[in-house]
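The data blocks that follow each hold one structure.
Here chain A shows up in two complexes: once beside chain B, once beside chain C.
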Partner chain A sequence: MTTLVTEQHARPVPNPKKSLITKLNMGTGVILGALFAAITYYLIRHSLQTITDGAVDPLNPNQNDQLLIATMMAWSIGFLIGIGAFIGPFRWLIGRDLTAEEQLYLAGDGQGIKRYFKYCTDHKVVGIQYLVGVMTMLGVGGTMAMMIRTNLASPGSKFITPVVYNSLVGLHGITMIVAMIIVATGPFGNYIMPIMIGARDMAFPRLNALSWWVLFTAIPVLCSAWFLGGIPTGWTAYAPLSVQAGAGMDAFLMTIIIFAISTAVAGANITATVVTMRAKGMKWNRVPIFVIGSTISVALAIPAFPTFMLSMIMTGMDRSFNTTFFDAHMGGSGWLYAHLFWIMGHPEVYVILLPGVAALMEIAPVFVRKPLFSFNAAVLGFAGIAGLSVLVWAHHMYISGWANNLNGPFMITTEMISIPTGLIFLVLIGTLWRGKPWMKLPMLSVFAFIWNFLIGGITGIYLSDVPADNYLHGSMFVTAHFHFTLMGAALTGAIGGLAFWYPKMTGRMLNERAGYISFWFVQIGFNVLFFGMFVAGAEGQPRRVADYAHQFATSNLISTAGAYSVGIGMIVLLWAVIHSWRHGKIAPMNPWGSKTLEWTVPYPVPLENFDELPVITSDPYGYGKGK
Partner chain B sequence: MTHTDFHIHHDAPEVVGRRERLGVRLLIVADGAFLFGMIFSYFYLRNLNTNNGWFPHGAHRFSAASGWVVALPFIVAAISHRIGLVQRALARTTTVVTLLALLVGLYLQWHQLAHMPFIIHDEGGGFSFNGGYASSWVLLAGANLFHYILGGFIALGLVLRHGRTQVDPTLELWRGRTAGSWFTWIAVAAIASALVTSIV
Partner chain C sequence: MSDHNLAPTPGDRATTFFKRNDVRRTSVIFILWTATFTILGIWLYPKFMPRIMSKEMLSAENIMIWFTIISAPIAGIVLALATNAFLNMHRGDTPPEEGPAVRTNGPVVVIWTVASTIFALVAIVWGIVELNVQSVEAAATSKSAMIVEVTGSQWLWTFNYPEQGIETHQLNLPINRPVEFDIRSVDVNHSFWPVQLGVKVDANAMVTTVVRTTPNKLGEIDVKCAELCGILHAYMETTGAVMTEADFDSWVSQVQQSGASA
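Let's turn to the complex of A and B:
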């Protein structure tokens, strides 16, 4: 791969003094968001309240839902106005486009750490914002998981009440799903990917910042669910249960709506960037596989997430305005919700999975110093998974009774996914074959992925099988299966990616010793945790229950022990990330000897990445082919 | 590097224009999936007709023409904008016509929503929607309203920006084409909604 050497130049720091842009930051966003929320709450409550015999009547449940949803919307809009997200569109509207000086200011040039708390359009800043956000979400969701497992350590435990347990399961689920969807494409897709393709920035830098800050507004909304009675439905929020649940459900559905907007914006941005901004000479067969995997993932998310958003809007309408989408007495159907939810829900698994897998495919050739085994097979595998993933949603509904005749076809389409998945394994194992791996931390993740995803994939075949699913549906077996897929495969891939790209993102090497300790605690603990759960599920223990029969005691105790091991490992990893960021060994420009473009730029990466855009003359995996 | 050679000026207006159009078309894909979900829901509930609740006995509804009344301004706006792109001399007029059409459509959709015949009021001041058809109708109408608001914003921007000297004319032409993609899409979406709601 031929690149032009880049250098950093000192640049003047712009100061568009008269512009409102300079006055806005996260603080003004929070203030305006809170103000908007408070005013909206007051005005709507005042307009909804009725006075009977001189006394103010309490709001009925529908009115309460209207009030809460409007307040949460007002918070989001107010925050985005307050942080300056709408300055660009407003200036476009009145025909006074942002000047180059203002755009440079928005890019955060010369603003140091403050730019991380502003509406900053630099893709590297957005990548770091996503990284910190994801780590926070994983920390919160992981803490909930520890509480759940502690309660399940022994039958009859009173560690938390069943009501709190139910809420924890729902909150843990949605927090982790959101975190996992952005765990690789958020930090690495934003920070690394534009550099990998030789671009100066994302296609739409302002939309890029918008995708992060829109997501940020969902965090307090989701947290508010805890104070509004929790989410008693689990993260799937099946109707009509979600229509009848308490006010915490409003927070849940607003979180999903906000998140879906963020995902659509990010998906369009990343796809447009990769399609239109690749370096000269970077034909599709020269695009790094991480870029391919991430792009397919976000392109899949673009059509998938709107149906999820729609199901939430319909739930909100049923709750607030008494529409009857899911009310069987009035022409509605709970099945409709399940369809809309899973039409998104299953592709979403692959939206999570593909970037993590692709990151590991990026890592493997570097650490075995061999070309990626069959680039085309890898692309075919990703495309095949993405294509088939939209045809399998009803395998989540086998036992719902909606159309038994269609169970067979959906079983076949689901099992067909194992074919492109097999290509993924083939590519990874082919790359490792007869190689001499450099056993650094990123490479360990590749091996862990192969083991974990093999188990996650094989148990998935059992669940795709209608007769087996009749027995296993709704059991701990399912919980173990999807954790092996999402955590064992996707999160392992993301952690491998973090270890790999950490030097480029922070300028420091990740503490290797702590990394190894974390790796073994997490991987051993993870397998113990979910093997125990497989056993409990196969024996018949249902999921999402706060208590269980004595016959499941041993496997649950083993699972909880494994969970503590994972918890310790994750704390060690968190410590390593934070400590190394400040005190780690200074990283050389290309510590792994990789051939992709991101390793040709120095740290800190210049504002526009390259002084002169690179020209690509070979594929990025030409290891063992000489210089 | 100084601010004058910051990245927005590295690419030619045509390149930026094409990129923006692709971005909008990708967002149209997302919006299309949303519309698909609504249409799927409409026919799913209609064909399931749980407890004969799709259109309960004695329920009221809009005429089949109502969806077309609301779709018409979308169509006028899309055609007008398209004429403006082809006949640049007429661009100012057609942009104003596009904006006016969208504002008229916005009013019509709002008027329909304010006079829905299938609301059931209870004694406590609350209300509910009478059946699956009513629920699906209000959802599609809400989507139309959203399209009118967003389309109106874009059309207003095009009107206000027209002829401003500091706006790059080549990039502006591309942005006009990009807006055209959106106007065409919202017209198609409105036609689809009108077709769907014609089938009760």
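Let's turn to the complex of A and C:
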């Protein structure tokens, strides 16, 4: 055993000197991406004659949209070529593959911090890339939320104009949705999960790197929306408003298209890894629940996101080539868009929720020192939610008028989701029962989740009932409801997961005091914020409004106060994460005494994780006395 | 329990179960949480929701109140167990002692699943019955209903009363007379929301959507747009009133005259 370890550490850094891949990194990607974008921009601009005149060509009035979409596409492709994403596939075309030495080089072992800026196939590097990316996105989206709440602090506020306000609402929405979809499966699904199931890496390490770097190319595109007039439609981007909107919309739809490719790649990869690469003896009933929850979540994303991509391609065609998919005046239908959007949109909220819940189910047994209560109920709960979630999309369209006779059936499927959701609560409270929870940061998130998700669930029951939705639809009540589920439940779960796995991912303990301060600021502020918003919605304030009548002033002021508290808490958390990364207490191998496999490997986790692959003889929940 | 070699009878087990300290404490917390949620439901919505001026609004508010009350015991159980666990917390840097190795409890899982199914069924049946009542009523009154053609445009509501031959931007309605709103948009999607009447439907281009109600209280109405429709979405609102038949008629003739003079 010892010799094996020394051998591994003595392994020289591979240096395939002549190979192109050693010279490529994020910098070359950005350069080539920018170059591609510039060339495409000038070629198209010069081939479209009238665009320089500022006049509109009656035969081709949407030249600007064509130009922008092509430029953004070119950036994305150029970047991926520049970072070396296509070297492997190109080699296959000419009947070869990367040499063993090159593959080892791509895994990034021994390359220090540089590997985080390269096309690196090590799942742990990809996990950290996702973590930093997600935290950046949450920070940006959160800042936008603060600006929105500041403007809504009092009626008649002139903090920002309605134009800027609408852009912010759309940008906040899409930034947060993208961040929340990957918040748990990105960092923990990539870093922790392969170790958890006893695998040496993901099933497709190069696809893993691709999923991150494809997503990365979406970030500048999304940022450009701000400079192209914003996203004035909200993240739902309903047609025909989206067809009417300015050039920022092109950036929005390219973001979604790129993002959908990234999630498809990541989803296929994670699913394949879990199905085929579990350690010997890890039968399905011995798989940790986080792995099950995340896998169901990404498997649900695989059919969901392509419809979003499709709806965006169609919007892009309406915008740039005068097709009329969504233009009712020309035989199209706005309802078609709404359907395509929500067929993605409702599974998507569970794609966000499930990994967060699953992380908490992983945490609870460790800190209560009891087995997970009814593993089967947990799996059934996840599977039931995933199954039903593809049949409920039109509850977002009760009042759209598209088919009133179908409101009843959609109400039935929607209400039925409360049954598997009930199982999720049962698993958590059953695990807590008769236990003495160890009140560390991850455990606190379990309690916060139970409260927040309960409120989100009960208010969801009103919204699913058509007569109540007739009143509540499109009001602040809805906004408060889905923030309780997505932020109060899913983000709380992800933060719990971060506190739990931080020692394994960074080798250090997260600063506890800062963590507690952050937790209470965030959770109390969050409840004040969205309780105020529930009241504003019940009073009759529509959502996505830049201004409101005086009767809603008190509830909005309370909301804004709560929002600042959340903001302070999140800044403290951010500080704690950054500070502890360098100066935190060195973490022991298994600080929480957990029984899952990721705690059996040292930090830094060696390349390919295990010296010897483990063999599994029981599930990881064998806590407790009197077995 | 005189002979501890005998297995306890089911009755005994239940008695000892409820005599356990943790069970007693959890039961007390359960009652407190259930009461809190019940009171919250009864107090919150009637206090903050606008005036009820139609059956549809009444039905919406009732659902919100009653569903809170019905879900109060379930919320009570969940929160009681969570609170009890929270109060049992273990602090410090060493892990707590091992808890009992309970892996599952068949009867509990079954009872819980059945209970939540019944709960879901109550919500479903309630909703279906309400929906049915509303559509039967709408069908019954469709012949006698007064028609108001509502047009949404960026960022203005226009109301056309074909029967009276008037067009305004103010939604006035006579009391106790069924009204049918025929809603269209001339540009992007809007959503017609006369707040106190408790109905709402989207305005779409090239399609007419219909919603019916009967205002049954006198008073002011706020009309808002509930679908993001561009820059001035927040300001796409107007007011109106439910008035007596006589007031409505005089308002109509007033509008007719000013229209004729203009």
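To be clear about the criterion, the second predicted complex is superposed on the first by the 603 of 627 C-alpha atoms of A that agree within 3 Å, B and C clash if a C-alpha of one lies under 4 Å from a C-alpha of the other, contacts with A are read in each partner's own complex, and residues count from 1 in each chain.
Operating definition for what follows: contacts are C-beta pairs under 8 Å (C-beta built on N, C-alpha and C of every residue); 3 or more make two chains touch, one makes a residue touch a chain.
Nothing here was measured: the structure is a model prediction, and the numbers come from that model.
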With everything superposed onto chain A, say whether chain B and chain C fit together or clash.
fit
Does chain B (first) or chain C (second) touch A:V545, or do both, or does neither?
second
Check whether A:P306 is in contact with chain B, with chain C, with both or with neither, and answer first, second, both or neither.
first
State whether A:Y623 touches chain B only (first), chain C only (second), both chains, or neither.
second
Partner, of chain C and chain B, that touches more residues belonging to chain A
C
Could you look at A:A328 and tell me whether it touches chain B, chain C, both or neither (first, second, both, neither)?
both
For A:M317, select first, second, both or neither according to whether it touches chain B, chain C, the two together, or no partner.
first
May I ask you to decide whether A:G95 touches chain B, chain C, both, or neither, giving the answer as first, second, both or neither?
first
Figure out whether A:F36 sits in contact with chain B (first) or chain C (second), or with both, or with neither.
neither
By the touch definition at the top of the document, which applies to A:E608: first (chain B), second (chain C), both, or neither?
first
Closest CA approach of chain B to chain C after superposing, in angstrom, is 8
Same chain A residues contacting chain B and chain C, which ones?
328-329, 335
Any idea which chain A residues touch chain B in the complex?
9, 11-12, 14, 50, 60, 62-63, 89, 92-97, 100-101, 103-104, 107, 200-201, 203-204, 207, 264-265, 267-269, 271-272, 275-277, 302-307, 309-311, 313-314, 317-318, 321-325, 327-333, 335-336, 339-340, 343, 607-608, 611
Help me check something: in the complex, which residues belonging to chain A touch chain C?
162-163, 166, 169, 232-234, 236, 238, 240-241, 244, 328-329, 334-335, 367-377, 399-401, 404, 407-408, 411-412, 415-416, 418-419, 422-423, 425-426, 429-430, 432-439, 447, 450-451, 454, 458, 461-462, 464-468, 470-475, 535, 538-540, 542-549, 592-593, 621-627
In the complex, the residues of chain C that touch chain A are 22, 44-45, 48-50, 56-57, 59-61, 63-64, 67-68, 71, 74-75, 77-79, 81-82, 84-86, 88-91, 95-105, 108-109, 112-113, 115-117, 119-120, 123-124, 126-128, 130-131, 134-135, 183, 187-189, 191, 193, 195, 198-202, 204-207, 209-210, 222, 224-235, 237
Tell me, which parts of chain B touch chain A in their complex?
1-4, 6-10, 15, 18-20, 22-23, 26-27, 29-34, 36-38, 40-41, 44-45, 48-56, 124-136, 138-139, 153, 156-157, 160-161, 164, 166-167
